[in-house]
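Structures follow.
One chain, chain A, appears in both complexes that follow, with chain B as partner in the first and chain C in the second.
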Partner chain A sequence: MSINKHAYQAIEAVVGRNYITDDPADCEGYRSGPGGYESGTGYERVMTKIAGAVVMPRTTEDVQKIVKICGRFGVPFVPYSTGFYGPRSHPHMEHELIIDMKRMRDFEIDEKHFFITVQPGVIYSQIQQECFEKGAYVVIGGGGAQTSAVANLLNDGWSPLSFRVGLPQRRILGMEVVMPDGEIVKMGSLADGDDPFWGEGIGPDLRGIMRGYTGLLGCLGICTRMAIKTLPFQPEIPKPSGISPETALQLDPKRVRWINFTMPSLESIEQAHIMIGNAEIGGAVTKVPVFWRAIAKAECKEDFWDLWLKETEESVSNFFLVRVLLIGYTSEEQMDYDYHVLCDIIEELGGKERRTKPSDESWFKNADSAGMWLMTGSYVSVDYVMDTFTQAFKQGPNYRDLKAKYTPPLMPDCKDLGWFQSCEMGHLGYYEYLIYWDQREDTNGMDQFYVESAKMNIENGCYPALLGAHQPLYLTGPAYGPGYHEWILGLKEVFDPQWICHPPLPLAHDEFVERAEWMHEVKNWETPEEFPYPEKLKENMRLEK
Partner chain B sequence: MSVIDKKHPERYDTPKEPFALDIENLSNFVYDMQHCIKCKGCYWVDHTYMPGMKHSVRCPSNLWKEFDSYGAFGKMRIGLKLEKNEIEWTDHLLELIYADPLCGACDVGCKRNLDLEVGLTLEALRVKAVQDGAGPLPVHKDITSDILETGNCYGAKKDRRAWMDASVKPAEKADIMYFVGCSSSYENTGIASAVTKVMQSAGIPYMLMEDETCCGNIIFSVGLVDEARKIAEKNVEKVRKSGAKVLMTGCAECYRMWKVDYPKLLNIRTEDLGFEVKHFIEVAEEALTEGKLKLVNPVNQRITYHDACNVSRNCDPWEPYEGERGWMGTVEPRLARRRGRHGLYEQARTLLRAIPGIDLAEMPRMKENSLCCAGGRGTKQAFPELAEFAARDRLEEARYVGAETVVSACPWCRSNFSETAEKDGEKTGVLDIAELLAMAAETGEK
Partner chain C sequence: MDILKDLAAIVGTEFATQDPSVLSDYVSDLSFTEGSRPEAVVFPGKTEEVSSIVRWANEKNIPLIPVSSPIHLYGTTVPKQGGVIVNMKRFDEIYEIDKVNRLVRFGVGVSWEKLTAALKAEGMRVIMPLAPREERAVATDHLEREVTTSMVYDYGEPTQSMEVVFPNGDVFRTGSASAPKYPYSPARGANPAGPGLDFYRLLQCAQGTMGIVTWMSLKIQSIPLIDKIKFAPLDDLGEGISYLYRILPRRIGQECLILNRVDLAALLAEDTAEFEKMRGRLPEYTLILTISGLIRRPEEKIAYEEHFLEDVMKNEFPQIVLTDYLPGFPGADKKLMNILRTAWPKERPYWKSVPKGAYQDLFFITRPERVPEFIERMKHVAGEISYPFDEIGIYEQPIEHNRACQLQFTFYYDPDCEESADTVKSVWKKAFESMHDAGGYFTRPYGETAERLYDRAASYTAALKKVKALFDPNNVMNPGNLCF
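Now for the complex of A and B:
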């Protein structure tokens, strides 16, 4: 294994011998899966490889030098922050270098102008506490408190806290990126000095190239620094309490409260989202999958199934709950006013307030996405849809019906409609569909479902988040472009003509469909006879076969 | 037939796999290793308690060396290869497996959200190293020889009761048997004296074990389970014969051995030992609550309490388990996972707060989020630089909260902190909780 010997020595000279390894055991420790996000899938089995070496740079200049060395010796590399994003953030080629960013953990906060500047080794829960202490908060992505804020915002970034500033790309104020050729580019307002107050910089907004609607998973360079918008919070710092696993943040109910409401119908939930958004109150409005409630109540996996299997399709389809977060941003009086407005809305819609714990277990600081693996051992969010309210809302039944065809291997969920929430104060609907399975089963159906969901979105005219690198580019590109795939491939050609930055992305899912026989039966879209890889990459791929 | 089977008899046919919580067969933990999701709950402080940019990590090994392979999540992946014998043992691989104090931070971190047996897997990896003829490390073999030859882990030839002076007055027969342990018998003798002083001050009779020898903590921890089992059998038998109702330790490592690992080695439940296992802080706290122990002498210090792993997250009682894993990974019969809930978190704090003049400051990493000093379980002997690194990090944290003294309930922590502080010219004081209680306790005997 390892990487090119001369490249290794040159990189060792940059970071020192303690921060680079090609020891087989160390590289094994970086294996994608077999557990984790999207793990145990065909994509992982077919597409991921053990790293040839791992390096841990400390500075942007280290990264720049490493990338240039990789370019000189043709060593493919993938940036890696926390490694939580499953197979797509792990090597896809033999002899590939993992550039592990965890030592890059500089953090600065500008409390006056409400932004932070971080390196990729900084995770959300760290940021959240630092923000709390300065009267601010940050939107912790659903990916979890343990994720790198940089990586999460490059690829994802949604959560119930997105209610006020929903589009994650709008929270990126600036980026410093080492491009695949080793050049350092500053984007957003970081392009103009070091004062990233605004999201836009000089000229076109280059953040779109790195992230776009969702990310390119590190195939267009490495973000080494990001300025991120924070939001004003109230002054009381939530206090942690309890012994694990029963830990929670205690909230001051005069300033922060989660409140659950039982609603009479699905339509009333949709209306509640719209009306609360229109009233411009609150910090989050969400309808979560019913089985999440069972996860929250369960002591263990077996408990979950005991609870969940008491449910029926009828009981789940008749359970209507809206969860609202109120924040007294400016005062107790404002909180009181918002509460009364909220109660008026709920009353008008025939809803009823339920007793709700005065604490936060899941979103402010913990975002315990790890709990998603409790039920079955394997999980992926098959799609996120950001669209008009009506369009996003109708995706629930669509996914429910499609999923039924693939259950099993997917877990029986009593036809739950998934997760829905309001973003941008009700101007956008967010829909996320999560699937769960046991990776020890035959999971081919899961792989097919993933691609079938993209086809369903195209057919229904829904705008999903998982475009580009997450799905076959030749499937989604022509549908969402036109020519979206050509634009992406054009960018790749311009900025990474050697395709050394996380190859074969952005065509990795296309490649998977070609390589995995069980995917051929669902492939009904056009692809070129040969993917437009550079000759050297083609040769390496041939050698690997 | 389970509820699941009844509801979906035809749809899911996952074969049931037998497994046991038996660390002598790594295959028992394949499911756990396969289902690690790399969330790094094993590494970070519980996010609810995350203190910010500083003091945010609770895994000493992965803080010391930052490649993923040093974290539990990395070892889960390596473990799968070892289970299939698909990776060769090398010196470096042995370092990955042994440069780890088995402090349980990873286990409680994982079990906050999931049901995976990370702690047991790490123990099983060491047993596997021994089974394969690769482990333990040379220094561990030397210690084992010393224990088997001299009955103590230092290889000391002197009398184990040399610490006792005239003021120490154990009873011939008592409900409580005080197991002193190697460290307090030879190295931290002040702790043994302090424990007996407090017991006598509270008027609680105690006896000592006749011909006390090492509890076998290091032998067990490095994977030598056969040798450890023999020690367990012998020691348990001694207590049973003595008629003691409570086996009390003043050492966190001994406490975990007696309460958790002896039952594990003997394949019995903790409650079936035939006697209760208590740490001194439990006995002292009960005495305080009952009014027997009076803490009257002021100790005017700002202190902080370091939760030693083995009186906190590592000491839930043991229960043997054999069962089957089936659909969606569910197990039958029901398994009560050890999640670190039964740690002695409050006992020590209650005692410390009761001392007049004490100003107790909590460190950001406390209770189940505590950073292990890496001084125990054979870690310091094999990797002194890791133990120093972790102790240094913890001493810095104590300074960060303005503490003059770090207090713990484990002589191994005390030694590691003291030695590191001395080496660094560090001014922060180090005490065992027994020593502090002895200072504060009413003098004279009841």
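Now for the complex of A and C:
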């Protein structure tokens, strides 16, 4: 295995022998799975490889030198921070180099101007605690507080805390990127100095090529520094409680409160989201899948199934709960105001307040990561998109009906409609649909469902999160924009003509469909006779076959 | 080559012209930018026509200069290399006001006057920059990333989706409006991001170099039921800025800004004589803050904000005196509240024309705490060329809870006096260089600032040029601007 030996030696000279390895045991440790987001898919089996080597740079200059060496020797590489993004953040080629960013773990907080500058090895948990102590908070994505803040913001970055500022890319300020050709591009105010406090410009904003609604999964360079907006919070620092894994943050109910409301119908939940947003109160509004309640209550897999199997389609379809977070950003009096407005809205809609624990188990610090694999061992969100509530509440039945055709192998969830929440004060309605399966079973249906969901969204005129490298580019590309794929491929050619940065993304899912026989029956879209790879990549792929 | 014939074949003879009197309208704007006369002006009425014009321009290698607004301030639409003006004024339709999802979608030719009136009739509003002209196109301001006076929303900018004709002639929708079947799709175009890339970011501040936008959508808000405007005279600007660091992160207020006596007098005065009188009587700086009772329990919302402000003033900032009126200027409160929420009426001379007839702005983004330092620097620059500092307008616009701010200097001059204009040109240039050297961040490079800004940001510039070459390989879209 390993990588080109001359490249290895050159990189070793940059970082020192302690920070590069091609030891098979070390490389095996970076294998995709067996647990984790999107693990246990056909995509993982077909597309991922064991790394040829792993290097851990410390500085931007290290990264730049490594990338240039890779370019010189034609060594494919993939940037890697915490590896949460499952198979898609792992090598897809033999003899590929993982550039593990964990040693780049510096951060600096500017409490007065509400931002924090981080390197890619910094995880959310660290910076959230610092933020709390400075009267601020960051939005921790659903990936969890253990994920790299940089990686999360370049690719996803949502949670119910997106209520005040929905789009993760709005939280990215100045950033520094080592492009696939080894050039360092500084964006925002970093382009014109060393202060990253501002994200836009100069002129057209190049942050636009670093991600779309979702990200490019590391195939267009490596971010080595990023300033992230924090949000003004309130002065009472949440206190950790419990023993791992049953931990929570205790909240001062005068300043921070989750409140659950039972509602009479799904329509009333939709209305609650819209009306709360229009009233401009609160810190989060969400309606989560019913089975999450069972996850929250369960201490182990068996517990979960004991609880979940008591549910029926009827009990799930009649369970209407909306969860609202109030934050006393200004004062206790503001908190009271928000509460009264909230109660007015709920009363108008026929809802009823329930007793709610004065703690946060999921969103401020822990997010949802650990429990998500509890039930079956494998999970992925096939959609997590913001448009409006008009779209959000139409997507639920679409996914439910499509999923019925693929259950099993997908976990039966009593036709739950998925997860809804409000973003940007109700201007954006968020929808997420999660699927679960046991990877020891025949999972071909899961792979097919994933792609069929993209086809369903095209057919229905819905905007999904999973565009770009997350689905076959030649399936979604002609439908959205239309023709957005041509621009992604164009940029790839411009900045990475050798396609050495995480190949064959952004065409990896197209490649998967070609290579996996069970995907051929669902493929009904056109692709070019040959994908537009450079000759060297084509040759390497031929050799791998 | 018969340009007029070609264009007329696309849009019809009545919508293409080479009339010298029309062409001369585009030779200059309200900036000092010098350019050339366009060869023709075309007025497309449909996206397909725009697309055909762009394809034609590529074929003939003729520059296109997109123009959405009848008023331009920064020289972006003054032809640098001749070419054809693509005037988008026929795209003046408001396509939808969606109150449930709180968005409005409209053509790029829609004016502030038209949009605000239509929204008001529905009980809605859009957050806006300070006193935009009624006749100016809304899309122009949002494409130019004009900073709004509202600083309470974490999401900052209200821009959502757009339709654009790319420089190769392809018609493209950004954000969630890119969904198939749009606008007859469940996707309503509320999400600006994607598909695949954040195209909208490449279009903003592009000055028409990355394509021609035909429509856009914006977030809208309900009109508050109660508004209060408050004033604090500031003898010590630094103290006022410290106060904003204290109150704005607590999500107080809707609009907030600080004006010096020159700009505040210009905003409030009816004419030059009144301007001079007011300028002499106003405090050096005035902090202006609005608080609003929204659609539910408006009195209670006003009450908690006022109680918070009182507590902070009493316990931490006893020097700050916040009143519901502008002392010595009866009626100014109502007048200013109206100015903050409406576009500037075209029947009245624009407020920046009141002092001397013409003006030049210099603005950049910085940290609020650095504002006094930049003002001192401006004093020094003005002193160096004997420009009266006390005639310079100063406007600080806090952004997103005072996380940052835009600092704007306005140099007023008599357009009929060559010497006056030359002096302003000179002080403006020196001030720009001085502020830039001191770390002022100019996100919007106009005219001659662009060269200096892009030279210093070498890596960014190189990457930007690569992107531009991908989208516009023939460089037909508004060449001579930015670094293209």
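Points worth noting:
Quick note on the criterion: the second predicted complex is superposed on the first by the 544 of 545 C-alpha atoms of A that agree within 3 Å, B and C clash if a C-alpha of one lies under 4 Å from a C-alpha of the other, contacts with A are read in each partner's own complex, and residues count from 1 in each chain.
Quick note on the criterion: a residue touches a chain if its C-beta (ideal position, glycine included) is under 8 Å from a C-beta of that chain, and two chains touch if they have at least 3 such contacts.
None of these values were measured; they are calculated from a predicted model.
Once chain A of one complex is fitted onto chain A of the other, the partner contacts of A:Lys254 are absent, as it touches neither chain B nor chain C. Applying the stated contact rule after C-alpha superposition, one finds that A:Lys415 touches neither chain B nor chain C. Legend: residue contacts after superposition of the two complexes on their common chain; A:Val165 is shown touching chain C, with no touch to chain B.
Touch criterion met: A:Asp306 reaches chain B, while chain C stays clear of it. When the shared chain is aligned, no partner comes close enough to touch A:Lys134: not chain B, not chain C. Residue contacts after overlaying the shared chain place A:Lys538 against neither chain B nor chain C. In the superposition on chain A, A:His113 makes contact with chain C only, not with chain B. Look at A:Lys68: by the touch rule set out above, it reaches neither chain B nor chain C. Chain A residues in contact with chain B (one complex) as well as with chain C (other complex) do not exist.
The residues of chain C lying in touch with chain A in their complex are 98, 100-103, 145, 153-156, 170, 172-176, 178-182, 184-207, 209-210, 219, 222, 245, 249-252, 294-297, 300-301, 303-305, 307-308, 365, 367, 369, 400-401, 403-404, 439, 441-445, 450, 453-454, 456-457, 459-464, 466-467, 469-471, 482-483.
Every residue of chain A that touches chain B in the complex is listed here, in rising order: 18, 21, 23-26, 28-31, 34-37, 39, 54, 56, 82-84, 100, 102-103, 105, 107, 122-123, 125-126, 128-130, 133, 144-146, 240, 242-245, 247-249, 300-302, 305-306, 309, 361, 365-371, 373-377, 408, 411-412, 438-441.
Interface residues of chain A facing chain C in the complex, by the touch rule stated above, are 112-115, 135, 164-167, 169-170, 179, 183-187, 189, 191-193, 195, 197-198, 200-214, 229, 231-232, 274, 277-280, 329-331, 333-334, 336-337, 340-341, 344-345, 385-391, 394-395, 424-429, 457-463, 467-468, 476-477, 479-485, 487-488, 490-491, 494-495. Against chain A, in their complex, chain B makes its touches with residues 3-4, 7-8, 11-12, 14, 34-41, 44, 46-53, 56, 65-71, 73-78, 80-81, 87-88, 90, 92-93, 96, 108-109, 111-115, 313, 327-332, 334-335, 337, 339-341, 343, 345, 367-369.
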